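The two complexes that follow have chain A in common; it is paired with chain B in the first and with chain C in the second.
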Partner chain A sequence: MSAGFHKSLMRRLADRAGLWFCIFVLVSPAIFFFLWMISLSLKTEIDNIEWPPIFIPPAPTLANFVQVFAENNFGKYLLNSILVTGGATLAGLMLGIPAGYGLAKMKATKLAGVIMIARMTPALSFLIPLFIAFQWLGLINSIWALVITHLVITVPIIVWVMMGTFEGLPQDLEDAALIDGATLWQSFRLIAVPLARPGIVVATILSFIFSWNNFVFGVVLGGKETRTLPVAVYNVLTFEQLAWGPLAAAAMLVMAPVLIVTIIAQRQIVVGLTAGGLKD
Partner chain B sequence: MSIAAPGVERNYWPFVLPALIVVLGVIVFPWVFTLFMSVHDWNVSGAVTFVGFENFRQLFTDARFYESVLHTLYFTVLAVVLPVGIGLAAALVFHREFKGRGILRGIFIMPMMATPVAVALVWTMMFHPQLGVLNYLLGLVGLPPSTWVYNTKTVIPTLVIVEVWHWTPLVMLIVLGGLANLPTEPYEAAEIDGASSFQKFRHITFPLILPNLMIALILRTIDALKAFDTIYVITQGGPGTASETMNIFLYLQAFAYFKLGYASAVVVIFFTLVIALSLLLLHVRQKTKWNA
Partner chain C sequence: MNDRILRPSRRHFVGGASLAVLGAPALVRNAFAQSTFNWKRFAGETVNVLYVKNTRADLIMAKSKEFEDRTGIKVSAEAVPEQQQRQKALIEFTSGKPSFDVVALSLHVQKRIAAKGKWLTDLRPMIADGSLTSPEFDFKDFNAAGLTFSTQNDGTLDTLPKFVDYWILYYNKELFAQKGVAYPKTMDEILTAAQKLHDPGKGIAGFVSRGLKNANVPVWTSWLLGQGMETVDKAGNLTTNSPEAIWAAELYKRLNSEVAPPGAIGFNWNECQSTFATGRAAMWLDGIGFAAPLEDATKSRVAGKVGYGIVPAGPKAHHSATFADGMGIPTSCTRKGAAWLYIQWACNKENQLTMLKNGAGSPARNSPLADTETIRASKFGKEWFDTILGSAKIGRPGLPVIVPVTEFRDIFGVALTNMIGGADPKAELAKATEAFKPVLEKSEKA
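So, the complex of A and B:
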C-alpha cells in the first residue's frame, strides 16, 4: 500500500503547489499595482524619485492628498462627478427599470439587441454629433450636457440587467393580481419591482461604476467649471509631469469610490457581469 | 408566452417608451447624424458644404489613417489573444476550491473596476525609463531595462500589457460563468473510464465552455478596437504617431484639428466594423440560449 499511497500523496502536494503558484502569478500584478500606487501617494517627492525605489514609506505623509485638494480644486470636481454619475444613474434607473420590464414581458429581443449594440459602439461615435447638438443648444460647459451624455452609458446597462432580472421572475403572482383587477402599472410597481430588488442593486452598482470611470465624455464636453474627476486627474498629469506623489494621490482619490463598492459588492458584480457579459 | 387574463389588455409599450425616446435621442440620432456629417465638409465654425464621398476618398489615400489601422490591428490581436488565454487559465484556477478564494477572486477583478485614467497614470509612472519601478524589477531578475512607451518599437506591446492587466478579469468572469453551469454527469462517467485531467478538459470542459469563450473573444475584440482612455492618457498616440490607433486618430481629427466631417467618415467605417461584430455576438448569444 505504502508506495501507491505515497505516490498519490506526492501528486496531491504537487497539484496543490502548482495551484498556489498559479494563484500567485495571477493576483500579484493587481496587488503590486495597488500597493505601489498607495506607496507613491504616501511618500515625499524625494523618496518617490529615490533609486533603488523605496517600497515602504519611511515617513508616511498625507501631504500629497492635501496638496491635490488645495491646488487643483478637487472638491469642485468631486462634486461634479457626484452630480453627473448620480444624475445619470438615477435617470437611468427611472427609464431603465420600466423599460427592462416592458421588454421582458414583450419578449422584444430585437429591440433589446439595438440597446445592446448601443453598448458596443465606441463612445466617440456619439460624441461628434452630441458635441454639435450641445453647441447649438448652448449646453457646452453645462453639467446637464454631461448628465444627458452619460445616459448613453447608464441606460443600456440598466435595461440589459433589468431585462434579465424580470425574465427570471415567476409570472403567476402578477397574473393573479391582474385577474383581481390590478392595472399593469400596479402589478409592476407593487409585485415585480420589489421582487427584482437584487437586480436593481446590480444595475445601480454597474451603472455607477462605468459612469464614474468615464473619461472621454468629460474631456470633450466638460469645460473648466464642469470637469469630472477623471478629467481633472488627467490635467494633473499634464501640468505636473514629475510630481509623482500628488499624481498617485489623485489617482487613488478617483478610484477609491469604485474600489470600495467593488469590495463591498463583489458577489453582485460577479453575478451581474457574468450574466450580462457587459461593460462600458 | 403567458395567457392574457380575460378583460385585461396587456400593453407594455408605455413602460418602454420613455427609455426608447432617450435612446433615440442620445444614441440613434447621433448615428444618423454622423452619416449625414460624413458626406460634408464640416468645420467647427459651422461652415458646412456637401462633398459627397470626398471624405472617404481622402481617407483612403491618407497614409496616417492606414498607419492607424495597422496599429489598431496589431494592438487588437495582442489585446484579444492574451486576455482570452490568460482569462481562461484564471477561470480554471478560480473555479477550483481553495482557502480565501472569494477574497483572491475579488482582488483579481479589481483592475477592471479601476478608473482607466487613474490606471493609466500609475502605469505611466511605472514605465518611467530612469526612475520607473518596472525597470528596477526587471533588473532584479537580471533583465535589461526597457524603454516601454518611449520607443516606437515597444510602445504598442507595452500598451497591451496595460490592457491585459485591466481587462483579463472580464474574460475570467465570463468563462467562470460557463464553468459554474457545467453538468457533473460527464465528469463522473469520465472518472469511471479513467480519463486524465487533460483529457477531461479537452473533451468535456472545453467544448461546453466554448460559447462563453466565443462571447469573451468577441467582446474583447470590440473593446480592444474601442480602447481609448489608457492609450490617450499614456501616449496620446506617440511617440510620433507610433501608437496612434483608429480611435486616437479619430479623436485628434475631431477635437484637436476640428475636422468634424472627416472624423465622421472614420466613425462610419469604424462603426460598420463594430456593428458586424456585435451582430455576431448576438448570434452566438442566441445560439447558446437555444442550447441551454
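So, the complex of A and C:
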C-alpha cells in the first residue's frame, strides 16, 4: 500500500518535472532574450562585448538608462507615441466597431477582403502618396499626419477582430431587442457592443501594439518634434560606434508601456469572458 | 535694431567691442569685422537639415548655436540612422518638395541617383558670388578626392564634400609582436600574415572583415583595386567576372573563411569592431572613422595597441577604397541663401578640424591635415594621420558610380556570402554579373 502510494507520488513528481521541462523549453526562447536585454542594459560597454559573454553583470550600472534620458528627449517621444498610438487606436475603434458590425450583419466577406489588402500591402508603398498628400495639406511633421497614417494599421485589425466577434454573437438576443421595439442603432449600441466587449479589448490591444511598434511611418513622416519612441530608440544606434547598453536600456523603456497595457488588459479579457450573457 | 543693441552677438564684440553697444552696430560691423561679409543677410529664416546619424553629425549639431549667433538663422537639424535616412531622402526627393533645406548624402551610394533625379542645386554660382560666400571659405582648400565625388559628369558641383572615408587596415600591435609578424606589404602577404597570427585555440582570428551581404562588397572591391580595376569601367561595362575580379573574390573567400572568426559570414562593421576591440582579431579592414571607439578604454580592450596601416598594394596597383559624404541643397528649396550659409559654416576649416581632432573621420579639406599641432596633441597618434595622408594620395572610389548601387551591393553581396559558405568564386561572379547586367542597363536607359 505504502509502496504503491510512494510509486504514484514519484510518478506524479516525474509528470510535474516533465511538464515544467516542456514549459521551460517552450518559453525560454521568449524569456531568455528578454533577460539578456535586461543584462545588456545593466552592464558597461566593455562587459557587453566581452568574450565569452557575461550574463550576470559583474558591476551592475544604471549609467545606460541615465545616458538614454540625458541624450534624448524621452518624455517628449513618449508623449508623441501615446498621442499617435492612442489617437489612431481610438479613431480606429470608432470607425472599426460599426464597420465590423455592418460587415458581419451583411456577411460582406468580399468587402472585408478589400480592407485586408491594406494590411497586406507593404507599408512603404503608402509612403510616397501619403507624403505628397500631407505636404499638400501642410501636415508634414505634425502629429496629425502620423495619427492618420497609423489608421492604415489600426483600422484593418479592428474591423477584422470585430467582424469575427459580432459573427459569434447569438442573433437571438438582438432579435429579442428588436421585437421589444429597439431601433437597429439601439440594438447595436445597447446589446451588441456590450456583449462584444472581450472582442473590443482584444482589438484594442492588438492595434495598440502594432501601432506602437510601427517604425517606418515614424521615420519618414515624423520630424524631429514628432518622433515616436521606436524611432527614437533606433536613433541610439550610431554608425562607427557601438552602444548595446544604451540601446537595450532604451528598448526596455519602449517595451514597458506595451507590457503594462497587456498585463492590465489580460484581466479584462478574463472578466469579459466570464461575465455577460454568452453562456450557452 | 533694438534687439541687436540689447543682445549683441560675439561677432559684434570681436569686431567693434564697446562701440557696438553704444548704438551703431551695423556700421561698426562693416567697418571693423574681420571681413565685410554679411553673415546676417538671412537673419530670421530657418534651415531644416537632414543628417545621417554618426559622430560627425553629432559634433556639428552640438555647435548649431554658434551658427545661429553668427547669422541669426535658426537651425532645425535632425539625424536619422543611415539606411532610414537614405529611404527618407529618396521618398522626399521623389515627392518633388522635400521638407529639408540641407541634406547630407552618401556620395558613394547616392551620387548618380541625385544627378538623374536633378535633386540638388549647383553650388558653383553661389561659391562665385562674393555676397553669398565669405572670403574665408577658401574653396581651393578642398581636396581632389572629395571634389571628384562631389562633381557630376557634366561638371555640376551639386554637393560640398564634407567627409572622405578611406579604407585602412587596423592591426593589433601586441599580437603582431608576439608572433614576430611584420605589417604586410602586399595583399598576398595579408593572407600569409593572417595564417601565422590565426590561433583558434586561443579564440584569435588572423583577419576579420565584413561577411554580411551588401555590407561586404567594399571589402572585395578593395582587393580588386589592387589589380588597378573598378567594378564598372570607364565605358560603363561590368568587369565583375574578369580574371582580376575572380582573383579578388578568391582572396576575399580565403581571408573570410580560413583565417576568420567563427560566424564571420554574418558580420557587419559592428561585429567586426567588437571582435577587433576585444583583441580577438589581429587585422581588420574597414573605414578610417573607427579610431575614436577603438582608442576609448571604456569601449575597447585594445586601446593603445592599435596599429593603423594603409591597405597594402595589390599585384598591379596600390589604392585605397574611398567613400565620401557631401552636403547639398534641394532644387526646390526656397531658402537657398540661408542653406548655403549653413553648408559653408558646417564645412568651414574650424569644423573640419574639430571632426579630425575627435577622430570622427578624415576631412574633405587639406588644411586640417596640415595642422601639425593637432597631430601632436591627438590621442590617435601620428600613425593614424600618416595613414590618412598616405591613403588620400592613392584613393579611388570603392563602389561603382551608378544609379542602382544598392542592387549592385545586394546581388554581389549574396555571391560573396555564398563564397564564404564554400561556393566557387568564378561561378558565383558569373551568376551575379548575369543577374545584375539587365538592372544596370535598365537604369541607364530609363
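Observations on the structure shown:
One rule holds in what follows: the second predicted complex is superposed on the first by the 221 of 280 C-alpha atoms of A that agree within 3 Å, B and C clash if a C-alpha of one lies under 4 Å from a C-alpha of the other, contacts with A are read in each partner's own complex, and residues count from 1 in each chain.
Note that in this section a contact is a pair of C-beta atoms (placed from the backbone, for glycine too) under 8 Å apart; a residue touches a chain by one contact, two chains touch by 3 or more.
All figures in this text were calculated on a predicted structure; none of them were measured in a lab.
When both complexes are overlaid on chain A, the residue A:Pro53 reaches chain B alone and has no touch with chain C.
When both complexes are overlaid on chain A, the residue A:Ala30 reaches chain B alone and has no touch with chain C.
By the touch criterion stated above, A:Met255 is placed in contact with chain B alone, chain C being left untouched. In the superposition on chain A, contact is made by A:Cys22 with chain B only, not with chain C.
With both structures placed on the common chain, the touch criterion links A:Ile209 to chain B but leaves chain C unconnected.
Of the two partner chains, chain B and chain C are each touched by A:Ile132.
Shared-chain residue A:Lys224: touches chain C; no touch with chain B. More residues of chain A are touched by B (comparison of chain B with chain C).
When the two structures are aligned on the shared chain, A:Pro194 is found in touch with neither chain B nor chain C.
Of the two partner chains placed by the overlay, only chain B lies in contact with A:Gly102; chain C stays clear of it.
Overlap of the chain B and chain C contact sets on chain A: residues 49, 51, 124, 127-128, 131-132, 216, 220, 234, 237.
If you check the complex, the residues on chain B that touch chain A are 1-2, 5-6, 8, 10-16, 18-20, 22-23, 26-31, 33-34, 37, 86, 89-90, 93, 96, 98, 102, 104-119, 121-122, 124-126, 130-131, 133, 136, 165, 170, 173-174, 176-177, 180, 215-216, 219, 222-223, 225-226, 228-229, 232-233, 247, 250-251, 254-255, 260, 263-264, 267, 270-271, 274-275, 277-279, 281-282, 285-286. The residues of chain A lying in touch with chain C in their complex are 44-46, 49-51, 124, 127-128, 131-132, 135, 140-141, 216, 219-220, 223-224, 234-235, 237-242. On chain A, the positions that touch chain B within their shared complex are 19-20, 22-23, 26-27, 29-31, 33-34, 36-37, 40, 49, 51-53, 94-96, 98-99, 101-103, 105-109, 111, 113-118, 120-133, 148-149, 151-152, 155-156, 159, 171, 175, 178-179, 184, 188, 209, 212-213, 215-216, 220, 229-231, 233-234, 237, 244, 247-248, 250-252, 254-255, 258-259, 261-263, 266, 269-270, 273-275, 277, 279.
Put simply, chain C touches chain A in their complex at residues 52-55, 58, 76-82, 84, 87-88, 91-92, 94-97, 99, 203, 269-270, 273-274, 277-278, 280, 287, 289-290, 292-293, 298-301, 360.
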